[in-house]
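Worksheet for the structure shown next.
Think of it as A, B, C, D and E in the order they're written, each chain with its own count starting at 1.
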Amino acid sequence: MTGCSSDDPLGENESTGEAANGAIVIGSQAYYSNEIIAEIYAQALEGAGQEVERRFSIGQRDAYIPELESGAITLFPEYTGNLLQFFDAETEARSPEDVYAALGEALPDGLTVLEQSTASDQDSYTVTKAFADANSLTSIADLANVSETLTLGGPPELAERPYGPTGLEDVYGVQVEFSATGDTTVEDLVAGTVNVANVFTADPRIQTDDLVVLEDPESLFLASNVVPLVSEDIADEVSEVSEVINAVSAALTPEGLIALNVQSTVDQMSTPDIAKQWLEDNGLS
Amino acid sequence: MNLLSEAFAWLTDPEQWTGPNALQHLLFQQLYFTAIAVGIAAVIAVPLGWAIGHTGKGREVAVAFAGAARAVPSFGLLVLLVLLFGVLHKPEAAVVTFVILAIPPLLAGAYSGFEAIDRRTVDAARAVGMTEAQVLWRVEVPLGLPLLVGGLRSAVLQVVATVTIAAYVNLGGLGLPIITGLSLRRYEVVLGGAVLVAVLALVLDALLALAQRAAVPHGVLAAQGHAPRRRTES
Amino acid sequence: MIEFRNVTKRFPDGTVAVDSFDLVIPSHKTTVFVGSSGCGKTTLLRMINRMVEPTSGTVEIDGEDVAAKQAVHLRRSIGYVMQNSGLMPHFTVAENIATVPRLTGETRRAAKARALELMATVGLDASMADRYPSQLSGGQQQRVGVARGLAADPNILLMDEPFGAVDPIVRAELQTELIRLQRELDKTVVFVTHDIDEAFLLGDQVAILAKGAERLQVGSPSEITEDPADEFVAAFIGAERGKRALRVKQTPHGPVLVDAEGRTQGVLVEGGA
Amino acid sequence: MIEFRNVTKRFPDGTVAVDSFDLVIPSHKTTVFVGSSGCGKTTLLRMINRMVEPTSGTVEIDGEDVAAKQAVHLRRSIGYVMQNSGLMPHFTVAENIATVPRLTGETRRAAKARALELMATVGLDASMADRYPSQLSGGQQQRVGVARGLAADPNILLMDEPFGAVDPIVRAELQTELIRLQRELDKTVVFVTHDIDEAFLLGDQVAILAKGAERLQVGSPSEITEDPADEFVAAFIGAERGKRALRVKQTPHGPVLVDAEGRTQGVLVEGGA
Amino acid sequence: MDWVSDNLDLIGSLTLDHLRQSVIAIVAGFLLSLPLGWVAWRYRLLRGWVITVTGLLYTIPSLALLMILPVVAGYPATSETNLVIALTIYAVAIMVRAVTDGLDSVDPAVRRAATAVGYGDARRFWAVDLPLAGPVILAGLRVTAVSTISLATVGILVGVTNLGYLFTNGLQRRIIPEVLAGIVAVALIALLVDLLLMLAGRSLMPWARSKTPARRRASAGAAA
């Protein structure tokens, strides 16, 4: 990728062929919370005078990673742990720092990450407060003592993930049946069709619906902090972009991320409004 | 076509045919939802379609309704109904979605089957002294059957392909390997699931095609086969 | 005897198909309604078996108002033969003929026997009993239609252009056959056609109708030919085309009859009355 | 002059529709092919404009083999009128009539003018020019069909049962109209029908055909009536039905002609030759 | 319905995206189906094949098609092109049959009459066969249009944004009016396009207005 730098003899950036007229192309997953972060990036950059193009709601990682690699998308809010597992399924890294470091290694040429935020949105095993109280649960390991049959709810692919049912058994000796509850996992947990659920830690319903996130002493899950995935050109060449985005990452706290999600689901605010207000509140606009 | 052979390998792996999500189990779920939904839709649409065909009334309403039902995106409707009914009633939500999908072709098959009958035949049936019920059961129903089965055929085809989305709301079926495969980037699994759905659809379609042929009354079949003394002109 | 008393039929769309129609149709005779398309012939016929209900006026059979009878029973007791035979395509020939006996509760076996008997009556080979209508020629289909009309041994037989769709040679055959049948069975036949030749050939009484079932002339064929009521009837029965106003021309083969154009229309035979 | 020379047509499925047929069709006259259904009339007609190619033999127009001409051009130069009019349902009346002029490159305006002129010729009101065929009665549609056949001012007009589907009264009107037209336009008309009355009414030369287009008798109507070639022809032209073997009966209104059954068939007028 | 009034801009721009994607697919499907349908109609031997193969396409679950096509053909799954191509395939699956049935519905007597007055083959196809097949083809096109517009929503599952976004997003955020707005918007534009097609058909085929539309086997069967 060195050939793509600005010391091109003709002074033209022709080899990348993407991001026409120098706009920064920001992508997001088809996940409202991710989209809010992407929108915050976008508005922050626009505030700094950058030209921005939005390519939101792209479903799968393997759909958008190639586009980042090709340069068709140049900036994408990501999560360290999940992203690392995408490139290195066998990784042993668990703590936020280790994961961030490992991620730097694992990323393919041409992609890099900016500073990670303290806000995280990672997988967890969660139970209802009532169930936790009844079975005195605080950690995943405690599940081994529960006498009734455990049914784990989560997205269909959890069945095959290293931290899925197999991981539970191997690491904690907990046996579960699996139910692919998908997008309604939290409802299923509340309704009782499952009693353990794979929930993202930034999900506001952990608070509103009285859920308990079980501790993970054996680090079954990777830490997964919000991190901007960028194409190297952007990071290198337009340092202003890095500055702006790093400022956002610094201001985004775990509680802040949940608050953003609450604004979206409970207050039903539109994504641009949420982003705008957050930037104002954090003095970034 | 590397992918295809991988998909084939996945399909033929005995592991896929054991356990709680064994393919035969998913296949059965797919069929089960199809049968229930088409069955309920038929109970609603066929008598309605027959009533429309027999009386000649209400056709406009039926056409408008069928058009609107066809315009409703199944995926969106399923999501909406799951939100409305709650997670404990996902199967009901799914069944309602598929019933709405199956009604338009069944309705159209039922009434157009009657409409396609030569008016003079029905008129003659009345003129020889058949009661309305006799006209319905002895003349209209048997003669309208081929088009009704045609409608059933396209209802089944559409529903069986669409039941795939049931996996989104944890109802299993052959959509499960498809969406799991998508998340895991295992395209041979996606393709394997898709192939199973397509094969299932084709088998059902072939069976119903036979049924459709069997539904054509003998005398009408004779007319199609021989075309005796038919003018070449018209 | 069938009697129309001041019968009017106005369809829901406002068409007055029949306007104050009166007629007595004698029993055991053939009465033919003839007139051009849309003049109301079919409507008249269908009021006899209540396929159409009059808007006003009454239709009586042997002095009884048909409106007082149950429509389904009335229809089973009256034979009805229509153009294109109106056969059930999914019934065999025998099943078609036996429709009414089956409806009135005869056993399958008895009905079949009756069907075979009727097939003989109308000149159909018994081997055709198990064929479907689509496997028969147009003329054969019409014969089946006639047999079906006769199956309940009705006193009245309604025939609505029964031979309209078959080719002229077969039509002639069917007409001859009908004359023979009628001589044998002695029914009250009401026959609709728009072919004046057919009307004159078959009818004991012919009613020439105009739009709205207006009676232009009612009488025997001879009465009408000999004394047409007006210009229109004269035109209608063909006088104007010169076809019926003939003169004798001598030829080497003997005297022939030619029309106004000099075209030969027939041969003069001896035996003038 | 159109000449069939030893023409045979065997269809791919083996049907021999026409078997060694010879005939000379004189110019400026009407020749009628008559015969029962399936005897090969249409096939004969369609060999003239190459809609059907003979298996062997030749069809010549004024001495030239039609096979030597380009089919599309040949067809544009020969008028063709068929049963059910064969109109294009998606063209207006004027567009239908103007089809051939438009195909041969006339301007839209000129073709429309020609269409209106022809509508007058066949007795259609100009106000109908912009209607679609489905908005016309059967008789009107046939008139449009005839107008279309005449649009290219062809020398030859082929008519295949053009009046078969309209009711008898309208048919009589159209026949009269055709006789008038032919007197005016003086085309070579080849006309197909299975109605012997129509054949005798319209034909200068009538060819009575049997299966395989076998010539039973060819001659003028008078020649045929006066001297039928054989029993079958006699039967076919109606003698057997007694309709054409008439005798005189005296009535108070004057002498009438009655058939064997004693039914009145016509009136005897004076002026025997 | 606060959500709807607060998000009219979003709904509007998604509707435009949705219309663009589906209209391109409908038009492309229509244009491809004409020659395919003609071939199937003209050559009896090919007919069974064309109908079976297009029918087979119809049975492939849309989601699978959306993911597998890009892998096989080598273009990004998230691109609009991917969705448009998949929708075009489904449109062809329905339309080919409609074109074949339409051409079948042309009265052979009219076709013969056209030949008899001197139409050459190609000219006859454009001037007679195709326009007369129009009503049946239009019926198929209307069904195709409605189902394409409703099917396009699955695009969101591979990252092609359109009104389907309101379903996934509404589900994640548990905003029922958002999902409902998506369904209503899809249904409305489907019915609107249907109406436009009907009106276009009326003005292009005025002759078909005076009689009741030819309802043939197909419109009840596969196309329904």
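By definition in this document, contacts are C-beta pairs under 8 Å (C-beta built on N, C-alpha and C of every residue); 3 or more make two chains touch, one makes a residue touch a chain.
Just so you know, these numbers come straight off a predicted model, no measurement behind them.
Undergrad: Going by the stated contact rule, which chains contact subunit A and subunit B alike?
TA: The common neighbours are E.
Undergrad: Taking CA centroids for every chain, report which one is farthest away from subunit D.
TA: The chain farthest from subunit D, judged by C-alpha centres, is A.
Undergrad: Would you say D-E or B-E is joined by more C-beta pairs in contact?
TA: The greater number of contacts lies at B-E.
Undergrad: Based only on mean CA positions, could you tell me how far subunit A sits from subunit C in angstrom?
TA: 87
Undergrad: What whole-Å value do you get for the distance between subunit B and subunit C if each is reduced to the mean of its CA atoms?
TA: 48
Undergrad: Go ahead and note the Å separation of the Cα centroids belonging to subunit C and subunit E.
TA: Measuring from centre to centre gives 53 Å for this pair.
Undergrad: Calculate how many whole Å lie between the centre of subunit A and the centre of subunit E, each centre taken as the average of the chain's C-alpha atoms.
TA: 38
Undergrad: Please list all residues of subunit D that touch 2 or more other chains.
TA: Within subunit D, residues 37, 82, 84 contact more than one other chain.
Undergrad: Which positions in subunit E are in touch with at least two other chains?
TA: Answer for subunit E, listing residues that touch two or more other chains: 107, 109, 157, 168, 171, 174.
Undergrad: Which subunit B residues sit where two or more other chains touch them?
TA: 82, 179, 182, 229, 233-234
Undergrad: Residue numbers of subunit D touching subunit C in their complex, please.
TA: 36-37, 167-170, 172, 176, 194-197, 200-201, 221-222, 225-227, 236, 239, 241, 243-251, 253, 256-258, 263-273
Undergrad: Which residues, counting only subunit D, touch subunit E once they are in their complex?
TA: Residue positions touching the partner: 46, 49, 51, 72-76, 80, 82, 84, 86-91, 99-100, 103, 132-135, 148.
Undergrad: Mind pulling up the subunit B residues that touch subunit A in the complex?
TA: Going by the criterion above, the answer is residues 20-21, 82, 86-88, 90, 167-170, 172, 176, 179-180, 182-185.
Undergrad: Spell out the part of subunit E that touches subunit B in their complex, as residue ranges.
TA: Going through subunit E, the ones touching subunit B are 55-56, 58-65, 67-68, 71-72, 107-109, 143, 146-147, 149-151, 153-154, 157, 164, 166-168, 170-171, 174, 176, 179-180, 182-183, 186-187, 190-191, 194, 215, 217, 219-224.
Undergrad: So in the complex, which bits of subunit E are touching subunit D?
TA: Going through subunit E, the ones touching subunit D are 107, 109-110, 112-120, 123, 128, 131-132, 134, 205-208, 210-211.
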